[in-house]
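Worksheet: the structure to be examined is printed underneath.
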C-alpha cells in the first residue's frame, strides 16, 4: 500500500458527498446547492492538480479495498487515468457553472444536481479504476446515474429516450460483465497491468480470448457509440443541454472510449491484441463509424442531433487511433480524448445557449444569429474549426498524429478516412457558420435583459468561452510539458517501451 | 402371524382404502364427512393393530371426533350461507333423500368436467407410477429394524414416566411438542384473525341434548382427568385428555351454552396459553441450574411432566373447543367499557 | 433463546392486546439482540451443537448453528426488525392485535427452522411457518387475498405431507432424523432416492420453484405490504434453507442428474418469472413475479455445486431478502398513498414520495445485480463459478435474467420521472414507512461492500465443504 | 376349551348376529324412523351381549366396571342421538312411512 | 415378516389417493378432506414400519404421529375457517383461477 492511500478516495468523495447531500436538500436551497457544487468541483480540481504533480514525480497513488476474496477494489492514479481524470474534472467545473445558469428556476433541481454529481463520481471512478472489476462497477454506476439525467425533463419523448439508452447500456453492461467473468475465470486476476496480463494464456486459449475481446469491446462500444450500437446517442439529445454536453464530451461516450483503451493496453496489451488479430477489425469498425457519423450529421437539421452524430464520428477517432496499433497513432487517439472533449463541450454549450436564449433548435433557424450573440457564436466557430481539424486548433494536433501514426503503422487507408471525415466535417459545420455570420436574420430577435441586450447570462456565456479558449490553447501550446499531447506521449512510451 | 390376523389386517386395509375413496368421491359432501369420520374410527382400529394405543386414542378423539365435528359445523355454515343466498339446497336433508344427491352433484359435487378427462388419465398414470415407486422403496427396506426403540428403553427409567410415548413426547422430544402447542395456538390465532364467520347454524338444542350434556360433561371431565393421570404409565396423556375436554366443550356449545362474558376476556386468553406458558417456563427454568433447555432432572421429571401436561390439557381442550366455535367470542367485539377486565380491546 | 423469545412475545401480545405495539417492538429488539449475541458466540467458538433436553441425537433433538444458519438468523433479525417497525406504523390497532402474535410465531418458526438439526423438528417448524404465513396473508381480507391464502395453505400442507413421507422413509432406513447422523449413515438405496425425491418436491413446492410457483404471485401480491415483504424475503427462504441443508449434508452422494434438473428448473424460473414480471400491470404482481425469477437463481448453484456457487447463491438469498422486502414495503407505500398500484399511473404518486421511490430504485439495483450491491456480489460469485466449471450456459441465463430484471424494474422507475400534476392522495404515508423501506434497500446495497466479512462468516464450520468434497471426489474418480 | 370361554364365544357370536341384523335393517328399512329403530335397538342389544361376553374374560373388577361403563355410555349416546335425529326429521316434515 | 408392510402399503395408497383427489376436485371441503386422508396415509406408513422393531416398541414414530395429528387438526381448523371466509367474500367455496390481469 502506498503512502497516499486516501487520495484517490478523496477525489471520488469530492463529488460524491456533495451529490448525496444535494439529494436531501429542499428545492429552495439554491445557495447551499451552488456552494456545495462549486466547492466540490474546486476541491476536485485541486486534488487532481496535486495528483498530477505527484505522478509526474514518480509518486504512486493507490487505494485498495477488499471487495471479494482475491479481488479488491482498486483505485489507482496512473498516467492514463490522469489524462481522463483531468479532462473530466476541469469540464465538470465548467459544466457545473453552466448548469447552474441553465437550470435556473426549473423543477427538480436537487435531483438533477445530485445525479449530476454522482455521474461525475462514476466517471472519475472509471478513470481511476485499477482493475477490470472496479471499472465494471463504475461503468454500471455511470449508467444508473445518467439515466435520471436523460429522462430529467419527464416528457414522453424523454422517457422513450431513456428507455432506448437503458436497453443499449444494460445490454452492453451485461456483455461486459460476461466478458469480465470469463476472463477472471481464466486468469484469476483482473488487475490492469502495463501491456496486459493475458499473455500467459496465449497459445491455448486463443479462441476464448478473441470471444472475450469481442464481448468486452461490444460492451464498451455501446457507450462509445460504435456504429451498430450507436442509436441511443442521438435520441438522448432530449436531455438538458449541460447533460448532453457532459454526456458527449466526458462522461458516457468517453467512458466507453477510455474503456476500449484500457482493454487494449492494460488487459490484453497491444502486442497480444495484434497477435490475436483483433485490432484490425476494430479499426475497420471505428473507421466505418467515423464516416457513418459524419454522413448522418450532414442531413440533420436539428442542431443538437447534428452535433450528436458528429460525436459518434469524432469519438471513433480515439478507437481508431488505438486500433491502428502504432505508437504515433496512439498518441493521436489519446490526445483526441482530451481535445475532442474540449471542443465538443464548447459546441454543446453554444447550442444550449441558442436554445435557451433564443429558442433556436434547428440549423435552419440560425440565420444571422452571429450578430445577436457574437461571443457565443465565436466560441462555436472555434469549436467547429477545431472539429474540422484546422490548424492551429486542438483538433488539428490530434488528426495530425493520427495520420502520421497510420502511415507509420503501414495502414495507409486510414489517411483517406481522416481526410474524408474532415471533408464531411467541413460540409456540415461550414453551412452553420455561414448562416450564423453571413445571412440576414429572418426576423427580429426578442430583446432580453442580458448584457448589451444581446448575448446571454454570464453563467451561460463564460463556460463556452473558456472551453473555446482552452481548445485554442491546447492546439497552440501542444508541445509544452504537462500538455495533453505530452501526457499522451508519456503513456505511449510506457506501452510501447520506446 | 396367523392366517386370521392376515385376513383381518388385509380386510382392514382394503376397507380403509375403500372408505377413503368413497369419502373423496362421494357426490354429497355430508356423506363424505360422515364417511371420513368412519374412516377415522377404522384408522384407530388400525393403530390398535399396529400396537399403538396412544395414537388410537388420539385418532379417535382428535382425528375422527374433533376433525369430524369441525368439518360438520363448517359444512353447516356453508349451507347456511347457501340457504340464505338461495342458490344451493341444504345438503343435510339428504340423509333421508339419497335420490337428491344426483342433483346436488351438479352444483357442489366433484366439479370435474369432461374436458379434464385426458388430464385425469394422465394424472392417474403418474400417480400410479409414484405409488409403485414408493411401494418399491418401502418394500426394499429391511424387515428388521430396531429404530430408536433401544434408546428409548434404555432411557425410560430416567424420563420420569413409564409410558414410552409420553416419555418421547414430553421429555426426549419435548421440544417438538412445545412447537406443536404453538401450532395449535397459531391455528386459533389464525381463525380469530379471520373474524366474522357466519353465524353457526342454530337449532334449539332440545331437552334430550340438554340432559345429555348435563350428564356427560362431568363424566367427560372425569375421563379427561383419568387420561391425563394415566398417561404417564399407560396409553393416554395431554392430547387425548385435552381432546376429551374439548369434546365436553363442544357438547356444551352444541347444547346452546355460552360462557359468561366476563370469562371471555383475559381469563379465556389465559386458559388458551397456559399450556404453552408453563411449558416454556419449565423449559427455561431448567436452564437455571446450569442444565440445557428443557432438561428435566430425573428426580423431578415425573412431576414436571405432570405439571406441563395438566396445563397443556387445559389449553388444548379450550383451544380445540374455541376452534370449534370458530369466530372470536362476542364479548371481544363490544366496546371495552362493557367488559369488566382490561384485557380486551376494540 | 432465539426460539423462546418470540414465543414469549407471542404469549404476551396475545394476553395484552392493548400493548401490542410496545410489546412487539421490544420482543423484536430482544430477538435482534440475541441474534447478534449468537454471532458473537459463533465468532468465538465456531459452530455450535446444542442438545435440547440434554438427550442428544438420535433420541433427543439437537440444535445446530454454523455460518449458514447464523446468516439466515441475522438476515431474519434485520428484515424482521425493519418490518416490525413498519407494521407498527402501517397497520391500525385492530389489525396489529392479530398481526403481532402471528408474526412473532412466524419469527419463532423461522428461528427454530434455521437452528434445528432434526428433520422432524424441521417439519413442525415448517408447519408453524406455513400456517402463520397463511394467516398473515389472509389478514388482508378481500376475496383475492383469501383465495390466495387458501391456495397457499393447500400447497403448503401438500408440501409438508410430501416432506413428512420422505422423512418417514429416512427414519425407517437409518433410525434417526438428525441431519448429522443421517449424513454419516447415508447410503444409496431406493428408499433414500424416494425420500430425496419426496422431500425435494415438497420443499420446492414451498419454495415456489418454477413450475411449482403458481401459488406465489397471488399470495405475495395480495397480502398486506408488510406481510408480502416477510413472505418474499424470509418465508420462502425457510424451505429453501432446509432444501439446502438436505442437499449439502444428507444427500451429498447423489448430485449429478437431479442437480442438473434443479438447475434447469431454476433457469426456467429466472426467464419465465422475468417475462411474467414484465407483463404485469400491477406493481405488487410485478414484484411477486420478480421473486419467482430471483428464486430461480438460487437453484443455479445446485448443478455447479462448488463452494463458490453455494456462497453466491447464499449471497443472492441474503441480498434478495433485503432488497425484496424493501421493494414490497415501497410498493405498499405507493399503494397506500395513491390508492392503487397500477404501474402506468404511478407517476402521480411516486414523485410525492421521494424516499420511497429511492428505496424502490436502490432495491432494484440490487435485484438487477448491478454494482455495488449485494445482488452483484452474489451474481458475480455464481457467474464466476459457472465460468470456472466451464458451464457458460448458466452464465448466459443469469445475464439474461438480469437484463429482464432491469427491464421490469426500469419499467416502473421510468414512470416515476414522468411529469404529472398531482391529483389526489388517498392516505398519508408516515415518514417511518418510507424510511424503513429505504434503510432496507440501503442495507441491500451495503451488503455489496461487506462481502469479505460476510463470506468469512459463511465459512464458520464450512457448511459447503462436504458437497464440494463429494464433487471433487467424483471428478477425481 | 373351558366353560367360560365357550360362554364368551356364544355371547360374542350372538352379539355379532344382532349387529348384523341391525345393519341389515339399516340398509333395508324404508324410512328414517324405522331405520333408527333397527339400528338403536339391535345394536344396543348386540353390544350388551358382547360386553357380557368380554366381562367373563376380565381379570379384575375394574375392568368389568369399565366395560359396563362403556355399555351405559353407548346406550345413553345412541338413545339421545336417535331421539335427536328423529326429532330433526320430524321438524323437517318427513312423514313416517306407511304401507 | 409381519403386517408392517401391509399397512405401509395401505398408507401409500391412501397418500396417493388423497393426492389425486387434492388435484382433481375443486371444492375446498373436498380438498381439505383429501389432505387429511393424505396425512393419515403418511402417519400409517410412519407407524407401520416402526413395528419392525418388535418385540420392542419404538415410541418415537408414535410420538411423531401424535404430534402430526394435532398439527393436522390445527391446519384443518384454519383451512375450514379460511374456506368459510372465502365463501363469504367471493360467494364460492372453490378456488377460482385468477384472471391474468
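Note that the chains are named A, B, C, D and E in the order they appear, and that numbering of residues resets to 1 at the start of each chain.
Here, contacts are C-beta pairs under 8 Å (C-beta built on N, C-alpha and C of every residue); 3 or more make two chains touch, one makes a residue touch a chain.
Keep in mind that this is a model prediction, so the values were computed, not measured.
Asks: Which groups of chains are still linked by touch once subunit B is set aside?
Replies: So the groups, subunit B excluded, read A, C, E | D.
Asks: Chain by chain, through touching neighbours only, how many steps does the shortest route from subunit D to subunit E take?
Replies: The fewest steps needed to get from subunit D to subunit E is 2.
Asks: Which chains make contact with subunit C and with subunit E at once?
Replies: B
Asks: Of all the chains shown, whose C-alpha centre falls nearest the centre of every protein C-alpha atom combined?
Replies: Per-chain C-alpha centroids ranked by distance to the global centroid put C first.
Asks: Name the two chains that are joined by the greatest number of C-beta pairs in contact.
Replies: Comparing chain pairs, contacts are most numerous for B-E.
Asks: Rounded to a whole Å, what is the gap between the Cα centroids of subunit B and subunit D?
Replies: Taking the mean C-alpha position of each chain, the two centres sit 27 Å apart.
Asks: Please tell me the distance, in whole Å, between the geometric centres of subunit A and subunit B computed from their C-alpha atoms.
Replies: Their C-alpha centroids are separated by 73 Å.
Asks: Using mean CA coordinates as chain centres, what's the subunit A-subunit C distance in Å?
Replies: Using C-alpha averages as centres, the distance is 43 Å.
Asks: For subunit B and subunit E, let me know how many angstrom lie between their CA-based centres, rounded off.
Replies: Taking the average C-alpha coordinate of subunit B and of subunit E, the gap between them is 12 Å.
Asks: Could you list which residues of subunit E touch at least two other chains?
Replies: Residues 15, 19, 45, 49-50, 52, 60-61, 64, 67, 71, 74-75, 78, 82-83, 85 of subunit E each touch two or more of the other chains.
Asks: For subunit C, write out the residues touching at least two other chains, lowest number first.
Replies: 59, 120, 124, 127, 131, 134-135, 138, 165, 171-172
Asks: Which pairs of chains touch each other in this structure?
Replies: A-C, B-C, B-D, B-E, C-E
Asks: State the interface residues of subunit B toward subunit C in the complex, per the touch definition above.
Replies: Counting only subunit B, the residues touching subunit C are 133-134, 136-138, 140-141, 145-148, 151-152, 155, 171-176, 179-180, 182-183, 185-187, 189-190, 192-194, 266, 269-270, 272-273, 276-277, 280, 283-284, 291-296, 342-346.
Asks: Which bits of subunit E are touching subunit B when the two form their complex?
Replies: Residue list for subunit E touching subunit B: 1-10, 12-21, 23-27, 29-30, 32-34, 36-37, 40, 43-45, 47-54, 56-67, 69-78, 80-85, 87-88, 91, 93-94.
Asks: Which residues, counting only subunit A, touch subunit C once they are in their complex?
Replies: Interface residues on subunit A, with respect to subunit C: 23, 66-69, 111, 133, 136-138, 140-141, 143-144, 147-148, 151-156, 158-159, 162-163, 166-167, 170-171, 173-174, 177-178, 181-182, 184-186.
Asks: So in the complex, the part of subunit B that touches subunit D is made up of which residues?
Replies: So the residues of subunit B touching subunit D come out as 93, 95-96, 203, 206, 208-209, 211-212, 215-216, 219.
Asks: Across the complex, what residues on subunit C touch subunit B?
Replies: Subunit C reaches subunit B through residues 4, 7-8, 10-11, 14-18, 50-55, 58-61, 93-94, 97-98, 101-102, 105, 108-109, 112, 120-121, 124-125, 127-128, 131-132, 134-135, 138-139, 165, 169, 171-173, 175-176, 189-191, 193-195, 198.
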